[in-house]
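What follows are several structures.
Paired with chain B in one complex and with chain C in the other, chain A is shared by the two complexes that follow.
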Partner chain A sequence: MTDRTLLSKMKDTAGGRRSDRIAKTVFLSAALLSASFVFLIAGIVLIRGALPFLTDNDGLGSVDLLRFLTADVWLVGATFASNLYGVGYLILSTLFIAFLSLSVSFPIGVLTALFIAKVAPKPLAKVLRTVVETLASIPSIVFGLFGAGVILKLVYDFSMSIGYQSKGGNSILATALVLALMTIPTITSISEVAIRSVDKALEHGSLALGASKTQTHFKVVLAAAKSGIFTSAILGIGRALGEATAVSLVAGGRRSGVSFDLLDTTATLTTMMLEGLKETTGLDYDIRFSVGLVLLVVILITNLTLNAIKRKVGSVHVKA
Partner chain B sequence: MSRRSARKVRDFILNAVTYLSSTVSLAALIAILAFVFGKGSSLLNFDLVVENFESQGFVADFHAGFETCDCVAGIDLPEGSYYSEKWGIALSDSTDLLGKTVVEVDYVHPDSPFAYLHDKGVGTEPIPLRADYDVIRIAFDSYATALSRYGAEAMIASLDANDSIREIEFETKGGGIRGSILTTLVLIGLTLLFALPIGVGAAIYLNEYAAVGRFSKLLRSFIETLTGVPSIIYGLMGLAVFVPLTVKLTGATGGNLLSGAMTLAVILLPVIIRTTEESLKVVPDDFRSASLALGASKTQTTFQVVLPSALPGIMTGVLLAIGRIVGESAALVFAIGTTIKDDVSLTGKSTSLAVHIWAMMTDEPANVELSATIAIIIVVIVVFLNIMIKLITNRYIRKRLGVGA
Partner chain C sequence: MKRTLLALTGLITAAALFACGSTATTTTASFDSAMTINVYTRDTTSGTRAGFMAGIGFAEAETDDSVLVDGFIIKDNTGILSAMSIDEYGIGYISLSSVNDTIKALYYEGVAPTEANVINDTYALKRPFMWMTRAAGDYPSADVEAIVNAFVAFLGTSDAGDIIANAGAIALPSSTTWDAIKSQHDVCLEDNSGVTVRFGGSDSIQKVAQALTAAFMPKCGNFVAEHDHTGSGDAYKRTNDPAIKDTSVGKDLAFASRYFKTTETVPEIQRGQLAWDAIVAIVHLNNPLSDVTAADLKAIYDGTYAKWSDLDANE
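And then the complex of A and B:
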């Protein structure tokens, strides 16, 4: 401790030599530059995203914000000839898909984490941890390719077997499954840390009271780790909301109408941003920034909501 | 007693559920690897890595005054190859890098008239037919045209039945990914060039210079916030900031490798800063005190004592960064574009391996085989990097513990 204070005092007086001052300035500017990018991104997306609503868009007229946020058709009229864009249905399907994928990946991820941290014999836990790490490091485009090559076929065959003609398997189900596979490692690794940092005394207490090991794991350990487990869900949903290229290979590019039918085609905010990006001027190009802005707001609101819930849930004490 | 056995049953079920859940990750990994290697390995060979993606087609005929060859093949021909002594050319059935069946040239005798073809297009240079080229069709003056889909044997038979040809259409091998590999390498180099000095500098400031307090906490939280931004949003920023910037500075006409690398650099800054900071943190303060006590300046201490000790940690950051660059797709779709190209230039468009996959998969018809082959390369790189990171971290931790003890 004394070492630390002494050193930080030295840090304060480090302005002695000229070369030191220069070095400090250089390092400081690197830090300031790094910290400034978050504002650059927010600013650019905010400004460019707001422009279609404020300007005349080269004669097409400004886009109606309320209509844009609620409409259930991506574009009424021809590209470059209409300002009737809408993302209402995209917002809903983006959220629906993200939560659907979480409903698959969250239980699996948390239980896998519990298995690795508490249940599995050590060598098996080690193997599984490596498996999860490897899965986490596989880029999303490979998940997308796997989705397009395997999951689409499975979904298509399944839909045919129940007499439903799906568009080559491109569907909400396929999209949610691809996203679930991608988020399982995120949820697992963060939950595992949370589970392992649960106070051993709690476990021992539970065991001493006569609870079985399994009861202790499920009722005490999971409950005690719930704050960290909730964090993993928040990160998982963040990844699901923002994923673009993998989703675009299995979603099917729906251009209008909300559908919650699992075998129906769909589209998300991100896939619409990727679609048909050919021109670099005009409203059809600028509107992608507006979609990006909507995406950021959706992610922000989801995060804030989940964090609020987490605070509420986290304050409830372990019951078992 | 019955309550206890009920509990046993419940425990068993719950345990079984955890076992089952953890098999999902394992099954997913195995399924992905099996799919990627199963689909992609048939196209995986050395040609793929060195060949161009675009094949170049030619239509040609013989030079005036050509003579048939009647020559013996100078090499041992591979099995399944059909040789025409009359023309000194060997053909075989094969599949190209895109998985199409083609008639491939195995061998052309140096004296064969096919070794000096006359380009019927704009070129005037004599063009040779070479081994590895694909023959599309050979047309004759009064004989049925030999098409590649009838196979190599039929094509050789048609050749032997004629004394001249009207024209031959052939193409160089396509479907290679040389351009995308080159682009990926260039992107790795450029991105690290941009991101490393800034990231390491920022980490040094935060850990070595900044007083512990609100200001450094604020800076850290701004940098950390970057990690939560989806990569497609980075793409938008690249499109709106770095593309116009590089267009103005270099005269590029649109998205280019420089703008792509700058975008990637911003994505990687938090990664590099975090790993560097973590490795700076574990450098014992004794090192700093000792260096300062010996009269070294703060700057000397930072560069000659602290940074070298933190090098393994920085290496880990670099490896993580490379993994991210190799796998990144959404940001690059916006910041560079999706044009698959063979000639890579800093100010031009071209695709990284990951974007190459995306471009082919969104094209009609989607090329799953070649995509899977590229995915093999990506997965192998990423797994290799992972192993390297583990090795470095393990060795580093052991060394650190050794110093501490």
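And then the complex of A and C:
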């Protein structure tokens, strides 16, 4: 009897091992599949994005790469009849807008995270956490509609009240505000996790030394969680750099020149890719892959830079 | 230090909230004509833009942004519509089918922008959607010719009119239905799934054309419609130009979003109009302007008129 039980147990284990092997194979193929998509997408964007610079584009002539990267006019001459494209001004305004939106969303997001993690009573923290998570899952087009319907009006009225005629509210300010709204939840949730994972002993030590709660929160907790908080900023800026739909509804579609005037129209790499995408053909279509390639490089460089800064800032006192 | 920072952040937030709250009510109904005209336009790939610019006599702006006034704003059809409900000093253009009461649709050369005025040909800011076929007997097969003839007949029905209207254009009035005339087109009773009909011409009409063929395919033996729209100029060339019509880009039926030129003459049976595309200049409801001319609009879009008062001064 006992022997038989043992035997069946062994069989179970053997069967378990077989199923383990099958599961392993399934997981591996899933991982390979998803990883291969990265290379597939990057490869296609790379190849198609490079074509306008290498081919003669049906008689229009190849696009000059250096000019493309530095020019401050999107297109000189008529669409479909010119190869004088340029994204230099778009790179600058894309970065400017991303960092501007971060300068709004980062303090709000981190302070919200600190409140949820340390200050708020438990039931309220729970509610707020749900609110933030819900906010994070709102699709960008909804933020765009909110921007076009509400923020444009607010910016328009605000600029009128200070005696400045804006372009119907379509502006850097409106764009940065929409992006800030979209990045606050990302920054809040990740910062909150980082703040909560700070070793309690540090806090107790600080309090025992006579520091007030607020002093402890700012000088100990935030300092200890700075690595995780920095990560939230990196992810936030990633979302801001890559957002197209919402931005295109409030940016105004600027076609030339960098403007740092908060109430002037603007454009980003993503809005330029999106604009007219459904109706265009030929080089005017292909060049959007090149803009995409530039965007990928901009995001890559920004992330590498921020990560390098993060390593310098260091990660101390944070529980693994 | 940190506490000061916190206090400062709080103060700025409060100030911003106060500013937003107090400014939301300051918009007044009084219109200041010394203000700059904010010019809204579609992007250069838009068929509506091509129609509008050609209509006001500013054809060079159809695909070139650099001839437009400085500081123009690019938006799509809905974007321009919603912008005109916010921006008191803006002007834009949309297709007639999108007009609603949140904005003011301007009279053009003294004529109200209504569907009736488009159909009776008094409202001028519009362009015709035309079709052209190959000559009789000059098709790849008799089946293709019969299907093209059936499709042309279909274009004149109210069934096609509904599809055209859904696609945003204005159909010519019709009292015939496809059911009433389909018995004249025996080809549609056959299985045509092996027959390919080639459509082309204007890319502005592509959306309407594809909607029409998609609806007509099941009505006519599931023939295959191949769409390759390259511009109005190719409508004649690819169906009737002896040098091109028999090459690989040849078409069986092609569209043009303008009248055919005298150099594109074919017998009347081979051509016709299927719809109108009407475009309307729109402004904010507070704008006292109600009527514009082609010259006004061109002067606004090329920057000759920078302020609204420039328009009054030249009335």
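Definition applied: the second predicted complex is superposed on the first by the 279 of 320 C-alpha atoms of A that agree within 3 Å, B and C clash if a C-alpha of one lies under 4 Å from a C-alpha of the other, contacts with A are read in each partner's own complex, and residues count from 1 in each chain.
To be clear about the criterion, a contact is a pair of C-beta atoms (placed from the backbone, for glycine too) under 8 Å apart; a residue touches a chain by one contact, two chains touch by 3 or more.
From a predicted model like this one, the values you see are computed outputs, not experimental measurements.
Once the two complexes are laid over each other on the shared chain, residue contacts for A:Gly282 go to neither chain B nor chain C. Looking at the shared chain after the overlay, A:Leu111 reaches both chain B and chain C.
Using the contact criterion defined above for the overlaid structures, shared-chain residue A:Gly61 touches neither chain B nor chain C, since it reaches no partner.
The partner that reaches more residues of chain A, of the two candidates chain B and chain C, is B. By the touch criterion defined above, A:Thr245 reaches chain B but does not reach chain C.
Once the two complexes are laid over each other on the shared chain, residue contacts for A:Thr214 go to chain B and to chain C alike. In the superposed model, A:Gly149 makes contact with both chain B and chain C. Across the superposed pair, chain B and chain C both touch chain A at residues 107-108, 111, 148-149, 214, 218, 249, 280. Residues of chain C touching chain A in their complex: 2-3, 6, 9, 13, 19-20, 22-24, 26-27, 35-36, 38, 40, 43-47, 60, 62-66, 71-75, 79, 82-83, 86-87, 89-90, 203. Listed in rising order, the residues of chain A touching chain B in the complex are 3-4, 6-8, 10-12, 14, 16-17, 19-20, 23-24, 26-41, 44-45, 48, 107-109, 111-112, 114-116, 119-120, 128, 131-135, 137-146, 148-150, 181, 184-185, 188, 212-215, 217-218, 238, 241-245, 248-249, 270, 273-274, 277, 280, 288-289, 292, 295-296, 299, 303.
Those residues of chain B lying in contact with chain A across their complex are 7, 10-11, 14-15, 17-19, 21-22, 24-26, 28-29, 31-32, 35-36, 39, 197-202, 204-206, 208-212, 218-219, 222-223, 225-226, 228-234, 236-237, 240-241, 254, 266, 269-270, 273, 285-286, 288-289, 292, 297-299, 302, 323, 326-330, 333-334, 354, 357-358, 361-362, 366, 368, 371-372, 375, 378-379, 382-383, 385-386. Contacts from chain A toward chain C in the complex involve residues 73-81, 107-108, 111, 148-149, 152-154, 156-158, 160-161, 165, 167-170, 214, 218-219, 249, 252-253, 255, 264-265, 275-276, 279-281, 284.
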